[in-house]
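First up is the structure itself, then whatever we jot down about it.
The letters A, B, C and D name the chains in turn, as written, and every chain counts its residues from 1.
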């Protein structure tokens, strides 16, 4: 263990070297596991969807090890811990709320968000439906009698210059 | 030094040693680490940028006096309104209250000698000026006409915004460092006895603002960086031609900019809480409610930015969620307004200039807040978005709120900062002119906006001509009022008469040191034993010295208690 | 010491200023301003407008209530609790938790009601009804081109009456926004992506001017329905105001036919010039964003790349369809390319018109 | 409720000289100074993480929109380089922590050696990074360059949004590399001052602060490595 007297400058807690060594080894092992899982997932494409969550899980694990032991949050004043947690919270808020928009743009069936490249066939379909659209417009219950009711003046031939 | 009781009418003895004459010469000012001097330097630069922004605003309104060309062409008009936006937002209103009044008063109000990192404080002042100079270069060289929002495809394809984005990036750092400094100071350097519930509400406002500054400003930093990358190396995440998405830029921009509007208003609310308490001589109504609502606003303000983008091509799911949370963030603001009005209940209200500004704040900020509720509703925002209704809303909240509170706070703490009292009637005339001018200018714009007049329009349909004319006449009155207020302060510097430590009968710590305060604020670290607005306990202080040993007392105006 | 300021006179001054401001606000709200503007929202001319106005007024009345409440309380307290002397001592007011709770619960419920009203109506606006009449709108820097299903393109928007119309919108260059105040519809137009907005205008506009009529300087706009661009898009962002007419069916039908006929005479060219080219080019020699057309035809043009080029048939055609290929020296390469926005007949008409401009 | 305390006598009392020289005048005790420094650096780390959060959000959004071209582009990244860099940075974090441990036990020279090893490991990281960038530069891909050629990259030319992802990779690792550089300079300064005997177990604030900064730079890479190199 750390030898001899170490007159404490203040109440700073000294993390025992054994803890540091174990954390370091744990970090290396976790890195190996991360690479291992990605290799494994390459081999088994059916589990491909696990890629991101596993990677994030392992990375957060390693990061929390570094924060707790290397940066000493475990032995530190609680306010620094609150700051660390707050930091992660706000990154997550930013990510979640932005993704909430970008991933749900086609939620209501309307052809929102399609880029022009994908939408070429929409135009063809529109052209095909032209006859039907004009028919639809015709069926609108407008007769000359309606004009008067709607207060529409007959076509104004004296065009405005 | 023994203490003499000063009868009213007798002139106050000037304080020999204080922070202004502790050291002499420009060099001592430019290299000072005294938070009070840095506060004064920030005050001067902030007022300077306010003058620049204000002048630009007068030109904008002059151009809109008549449809078609009045004094400048479209390209120039676009540059002027963009410069007005950028200067006012990044160089005036964000640093205005926290950096000038906050810097000066935070250490004194918590009984400390200085902020936690004095050198960092000076560094952030110089970074602020670096941002300011870059901004001016950006305005003069590049034709920045994108408005203060730099929306993506236009800002990255057609105009040169690199200088201006660099200026915002640098000015952002100054805001981060100030916020960081204030959070650590409030946490670590409070005087013995100053628990969280004995913290004055101005400091709760500054604390909540500092948290937002630390958490939100880095995101505008990365946004400006990515915008520069988009322009210089064509990264393509915002430019639709390369597959990017302009709405993504708006997400990045507004994630910072909505919390930024709370950076602007929270310190103003803090000032108003102080003014209400002192000038109603009444304990603040609902201290915990106001303190907690400041923190609630600080946190919830990060969840609502989507209400700027209801019609920007955002998905309906996101729009609905953002609208719901936007309404939640309105509730704490309502509690604050109710608590301020509650403070006046059964108080003894003295309508000095700071209190008049506080009343104006309540009047104007209530209109601003309520129209915010209007803009929060999804279908109404479809009609009102990007029209003059929005322009009027944010001017009522930012100018009617923050600028009026800034002027109120400035009048309130002016005797403490300079030791001199301002001329009361001059200040009242200025307040009156500002109030009338403001309402004529901006309430007209509510009607313009709801009638459909779009924002940032150089030319408009003749139907809106008379309303625009009204608005321009109002802007002249408003400009005159601000000029008179400025003259009132300069006049007080020259001819103002000396004041004692506590001209208003305030009870927070800064009123217990000399005015202007000593270079080290307090000779002995004060022991805080009561709530900040406890007027009964405060009376005993004015006689005793609070150290319980009555050794040295502050020279006070004897409360002519018969 | 500080001169004894007259608390009483100041109090009267403050109350007077408050009342004066409120009077001005009421005046601005109700007095008719220039032409027919009065009250808050423009005249409702689409089926959506009624829902928006209802929620607008609902919130407005609550705003009036809260605002008058706060201002009345302030005025009364200023009057009642004036400070008599500097040594007034106020009695303690207990913080009542019940009062605070009330002002938390009640506003939260109220704003949730307002939210639900707004969201419900908003969803009604976003989901398009059946048998909709689709018009494609292309926004470009400082103008619109509306393409109708029968292929006709017009510069100002004409919609059939009493028929749900869906605008299918995209932009050629930067962000624009399609906003018709009278219909209460607005939707940003994003390059390289389609955005949609629908409305149904029941009442035809009374006076129709000639099809494709876009002799519109802003001040000459006849107050039918106006289309604004509300997303800042550059120098003449305010020049993108256009006319919106609602025609009963028969007139709409005739208008559509006439739209596809392109008269290729110089006269037709002049009309195309006014609708599409006038915002940047001029016909009488005055300098504009783009080169003037006066004396252009047949002259030698110094362009980059490529040095000198005679201004003949294919130079003009190429400069319209792909302006970036040969940029006239001294002018910015800012012209949007008109492929798809202009018909071949119209290019011929422009060339005829240019010939007349000596 | 007794009274608020303050003492105002405007005479100047002299500075008492018993408190140590490194204690700045406005702090009451060395502990207060140390805690303030630590909280200050933690808040600064918050701003650094939020700066990088912008890049992670852009990465997440575009990966969600164009997964196939994401896979195509990032499969060209060399995992060996990434893995080596991760181990290097983890070891440098370890040596950094050992440096702080030794200064806490007042072993100044041991700390200085650990600091120099940390900086050396940082240099190795930057070296591996430059090799990787060189490889890409030869393949015609760099910050402002997008003409992929050479057998390894030319198929990217016809992948739809490959340039966005590649440039996002460059921006992310570029800004991270910049932070590694700043960290190395900071540690060099701290080690240099350590050599001059400025730090002791009573006063090692700057060592602690630069250590925390270095750990943050390591954490950012811990997230960057799997998300960029592995998940394609």
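One rule holds in what follows: contacts are C-beta pairs under 8 Å (C-beta built on N, C-alpha and C of every residue); 3 or more make two chains touch, one makes a residue touch a chain.
Everything numeric in this text was worked out from a predicted model, so none of it was measured.
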Higher number of C-beta pairs in contact (B-D or B-C) found for B-C
Quick check for you: compute each chain's CA centroid and the global CA centroid, then name the chain with the smallest gap between them. B
Which chain is most remote from chain D in terms of Cα centres? C
Centroid distance [mean C-alpha coordinates] between chain B and chain A, Å: 33
Touching at least 2 other chains, the residues of chain B are 187, 215, 219, 240, 245, 247-248, 251, 313, 316
Chain D residues counted as touching two or more neighbouring chains: 35, 39, 43, 46, 50, 53-54, 57, 61, 65
Send over the residues of chain A in touch with two or more other chains. 79, 86, 90, 94, 98, 102, 108, 112-113, 115
With touch defined as at the start, can you tell me which chain A residues reach chain B in the complex? 79, 86, 90, 93-94, 97-98, 100-102, 104-108, 112-113, 115
List the residues on chain B that touch chain C in their complex, please. 8-12, 67-68, 74-75, 78, 145-147, 151-154, 157-158, 240-241, 245-247, 280-283, 285-289, 311-313, 316, 319-320, 323-324, 327-328, 330-331, 334-335, 337-339, 341-342, 344-352, 356, 359, 362-363, 366-367, 370-371, 373-374, 376-383, 385-387, 421, 424-425, 428, 432, 435-436, 439-440, 443-444, 447, 450-452, 454-467, 470, 497, 499, 503, 505, 535-536, 539, 557, 559-561
What does chain A use to touch chain D in their complex? 2-4, 6-12, 14-15, 17, 20-21, 24, 27-28, 31, 34-35, 38, 51-52, 55-56, 58-59, 62-63, 66-67, 69-71, 76-77, 79-80, 83-84, 86-88, 90-91, 94-95, 98-99, 102-103
Chain A touches which residues of chain D in the complex? 29-31, 34-35, 38-39, 42-43, 45-46, 49-50, 53-54, 56-57, 60-61, 64-65, 79, 83, 86-87, 90-91, 93-94, 96-98, 101, 104-106, 200-204, 211-212, 215, 218-219, 222-223, 225-227, 230-231
Enumerate the contact residues on chain B facing chain A in the complex. 187, 215, 219, 240, 245, 247-248, 251, 255, 302-303, 305-306, 313-318, 321-322
